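Reviewing the structure listed below.
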Amino acid sequence: MQENVALSAVPIQLSGIFESVRDPGAGGIDIFLGTTRKTSGGKEVIALEYEAYEPMALQKFHELAAEASGKWRLRKVTIVHRTGRVAVGDISVAIAVAAVHRAEAFEACRWLIDGLKKYAPIWKKELYRDGSEWVDGFTG
Amino acid sequence: MQENVALSAVPIQLSGIFESVRDPGAGGIDIFLGTTRKTSGGKEVIALEYEAYEPMALQKFHELAAEASGKWRLRKVTIVHRTGRVAVGDISVAIAVAAVHRAEAFEACRWLIDGLKKYAPIWKKELYRDGSEWVDGFTG
Amino acid sequence: MTVRVRLFANLREAAGTAECEVETGSAGDVGRLLDLLCADYPMLMPHRNYLRVAVNRVYARPETLLHEGDEVALIPPTSGG
Amino acid sequence: MTVRVRLFANLREAAGTAECEVETGSAGDVGRLLDLLCADYPMLMPHRNYLRVAVNRVYARPETLLHEGDEVALIPPTSGG
């Protein structure tokens, strides 16, 4: 299994995500994209700001990819998360999985985003016209 | 639910797929990509050729999207399948689902590709150095 | 009664044509049409038990009745995706 | 014994610093460190029951023993994704 994990301070390019998992032995690729929502609790969000404990976040991405690879027959896994300011509607996280069979790509991808949300030390702040607020992770 | 369905005789552009399902109200986007494999039954595949009963395939895509939209809370669904010659490793099909919650995006996307494989009148021919063969759909 | 029949993939190659018209007599259903087609194109016979038939782009059963001008398609096992 | 403590997100803002050093005495565990931190930064107290602690980038428990030079991080509920 080939793994790519990264934090990115610049917009995530989908073509690069696809190229990183493209594999002539894969039966299917599943890509999960998290995008930022325009409203939160009735408030209009104008942008988001992501903060990460970078070395630990990268280590968690690596651990998640390695554990997934023990559960399913994966060819390639890519996990990229944004840091810094992210515009509404832009990609905050991309998880791509190329697997021997498509069912495994779907299962692994879903397990990875669930694990990332639980364990990766990353935080999101919503910016409003009149202030800002750290998002309570329990509502994710 | 906004739906985009198409058959494409030219390479599928992932950026266009993403733009078609981008939605400020979505909690998650799942994209399934089928890519063509380099080997099949021990033979080296040099390219693939897809044939479709186009109007019926498009109608099936539409029916699948509409049925999925009755099962899950979907915001946008895109289904695009290639026709004609497809190079090994290239995208043969892209299914993208933007849903209110990510679990629904995963479930709907998986259900859509399973349904497409069963019901869409589309056929794949493998081209080898020394011949070609229509793929038996039962092995898919 | 005349129906238009479209053939795809290996069936198209087996029959040597992508399309034909079949005169089914005064009435007919999908099963009867397949009998006539297999008589005209014996190469289709080995595929008969493995194909689905669509009438006007909707999957049909052997007993589905045909009407003048219907578009019938022979659908071998699909392999899209 | 001195450990380096990193703070993130709302905890960083509550404490007014992204990093500090804490002298834990001759020995200490994660629970003892949190006691000392909350004494130095009373604004952290309301968060104490909701945060996780990582020691050298691995999640730790209150009874995890600390060693000279450890990098400790206070991890409020995460909201990545």
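Chains here go by letter, A, B, C and D, matching the order in which they are written, and residues are numbered from 1 within each.
Assume contacts are C-beta pairs under 8 Å (C-beta built on N, C-alpha and C of every residue); 3 or more make two chains touch, one makes a residue touch a chain.
Everything quoted here is computed from the prediction, not taken from an experiment.
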Path length in the contact graph (subunit A to subunit D, fewest steps): 1
Most remote chain, CA-based centroid, reference being subunit B: D
Length of the line joining the C-alpha centres of subunit A and subunit B, rounded to whole Å: 23
Between subunit C and subunit B, distance of the C-alpha-averaged centres to the nearest whole Å: 26
Between subunit A and subunit C, centroid-to-centroid distance (C-alpha), Å: 48
For subunit A, residues that touch 2 or more chains besides their own: 34, 113
Interchain contacts, given as pairs of chains that touch: A-B, A-D, B-C
Residues on subunit A engaged by subunit B in the complex (per definition of touch): 14-15, 18, 22-35, 37-39, 88-89, 98, 102-103, 105-106, 109-110, 113
Residue ranges of subunit B touching subunit C (in the complex, touch as defined): 34, 50-53, 55-57, 59, 81, 92-93, 113, 116-125, 134-138, 140
List of subunit C residues in touch with subunit B within their complex: 6, 8-10, 13, 54, 57, 59, 73, 75-81
